[in-house]
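Take a look at the following structure, please.
Labels A, B, C, D, E and F are assigned to the chains in the order they are written; within every chain, residues are numbered from 1.
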């Protein structure tokens, strides 16, 4: 009876998108539920998956809001 | 000093509603706070309750987004 | 399909006990599941309840570990 | 590799504001990341911070929605 | 920069075991991290996975501690 | 009335220690509570802090259990 919580930033997986699509959400739900079926024999019907989309402003990394930190890392690599 | 987190799908409790109402939220807060008072003697003022409403797309069950899985279950029963 | 997470300090509800008992846990599970049945018509079988017991050292309140803060509050009241 | 989750009510820190500002969020991210650097030697780049803003209706305290409980406490003090 | 939290009961996946093994935990970590790589293009190094094992007493289902509820369901099916 | 959850691996901050000490936990509680006081004017007494120590086996990074991933990164840098 697992519960899987997936927290991701609210943004698109390609430049042309600005959010996670319903198809991507369905694929995440399917994927992680199957991991628990395959590894721990948990029936699909006993697994709940909750996806939480977090605004970029609300996600911190490197002591900074994510977008600022990404810019710094990108600049450091170039 | 308990913390109770209640995660529910963002939908109405009857077909005529499409979200949890303020009255229902207040009743959930009152109910679960009283459970902790009655069972563990935790004063009401020491309990925090956080209600998280989760979009149906973001809640998975049976390896599928909830609405799809509910349709399959409903069809299987009929 | 609610998920209810109950976080409480790992301690007894009376001076003679030093942990939450199995009976108290069962009463919490029953109580909060019934709140969701009564308020939102969620069937008991669709609700998961997870109880997390947190060591007193690991719970902060008033900027201090809980036991220290409780002593200060108790002293202030007497 | 810490994860810090900060849950606050969705409201302004002064009467003139009705939400947490981007500057305040950045200051929270910076502040808690530095606590983990200073206390546990965790590098800033290994800490994720997630801020969750919770609608006032969805936050319970004292067995009531927060705004109701605050009014009662304010009245009791005056 | 996803965070995936996997909550499972603390028990073995076969009658001969009484806990999740280190190999199974590694397989869960690998599996869910790859789901996020494949579906959302999230690099493996940006994903944190936290596995929380919950004692059976602390997990409620059907308004009961899990073991009691499982016995009732098993009896109903036989 | 913030709630701050701090998840860290269960290990020492120096080679001579194998867990987070009570003093370090108190410093984390004090530090993050003060951040919320300073940034959002939240009184110390309204903030709960919960520290969750996660076994190294139960924390995944880079698609691997943390210790394995750390060894790979350390080897790559040398």
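What we mean here is this: contacts are C-beta pairs under 8 Å (C-beta built on N, C-alpha and C of every residue); 3 or more make two chains touch, one makes a residue touch a chain.
Bear in mind the structure is a predicted one, so any value in this text is a computation, not a measurement.
K.L.:
Sort out for me whether B-C or D-E is joined by the greater number of C-beta contact pairs.
P.N.:
Spelling it out, more C-beta pairs touch across B-C than across the other pair.
K.L.:
Roughly how far apart in rotation are chain C and chain D when fitted on CA atoms, stated in degrees to the nearest 5?
P.N.:
It is a rotation of 180 degrees, to the nearest 5.
K.L.:
Computing the C-alpha centre of each chain, which chain sits at the greatest distance from chain D?
P.N.:
Here the answer is chain E, farthest from chain D.
K.L.:
Going by average Cα coordinates, which chain is farthest removed from chain B?
P.N.:
F
K.L.:
Where the CA atoms of chain E average out and where those of chain F average out, how many Å apart are those spots?
P.N.:
It comes to 22 Å between the two C-alpha centres.
K.L.:
Rounded to a whole Å, what is the gap between the Cα centroids of chain A and chain E?
P.N.:
Chain centroid spacing, chain A to chain E, equals 18 Å.
K.L.:
How many angstrom between the C-alpha centroids of chain F and chain B?
P.N.:
29
K.L.:
Please work out the Cα centroid separation of chain A and chain F, and write it as a whole number of Å.
P.N.:
Comparing mean C-alpha positions, chain F is 21 Å from chain A.
K.L.:
Give the residues of chain E touching no fewer than two other chains, as numbers and ranges.
P.N.:
1, 3-4, 7, 28, 32, 34, 48, 50, 59, 61
K.L.:
Are the chains arranged, by touching, as a line, ring, star, complete graph, or other?
P.N.:
Graph shape, chains as nodes and touching pairs as edges: none of the named types, so other.
K.L.:
In their complex, what parts of chain B are in touch with chain C?
P.N.:
Going through chain B, the ones touching chain C are 1-9, 13-14, 20, 24, 27-28, 31-32, 34-36, 38-42, 59, 61, 66.
K.L.:
Write out the stretch or stretches of chain D touching chain A in their complex.
P.N.:
It is residues 22, 25-26, 28-30, 32-34, 37, 44-45, 47-53 of chain D that touch chain A.
K.L.:
Inside the complex, what are the residues of chain F that reach chain B?
P.N.:
Touching chain B from chain F are residues 1, 3, 48, 50.
K.L.:
Applying the document's contact rule, which stretches of chain F touch chain E when the two form their complex?
P.N.:
Checking each residue of chain F against chain E gives 7, 54, 57-65, 68.
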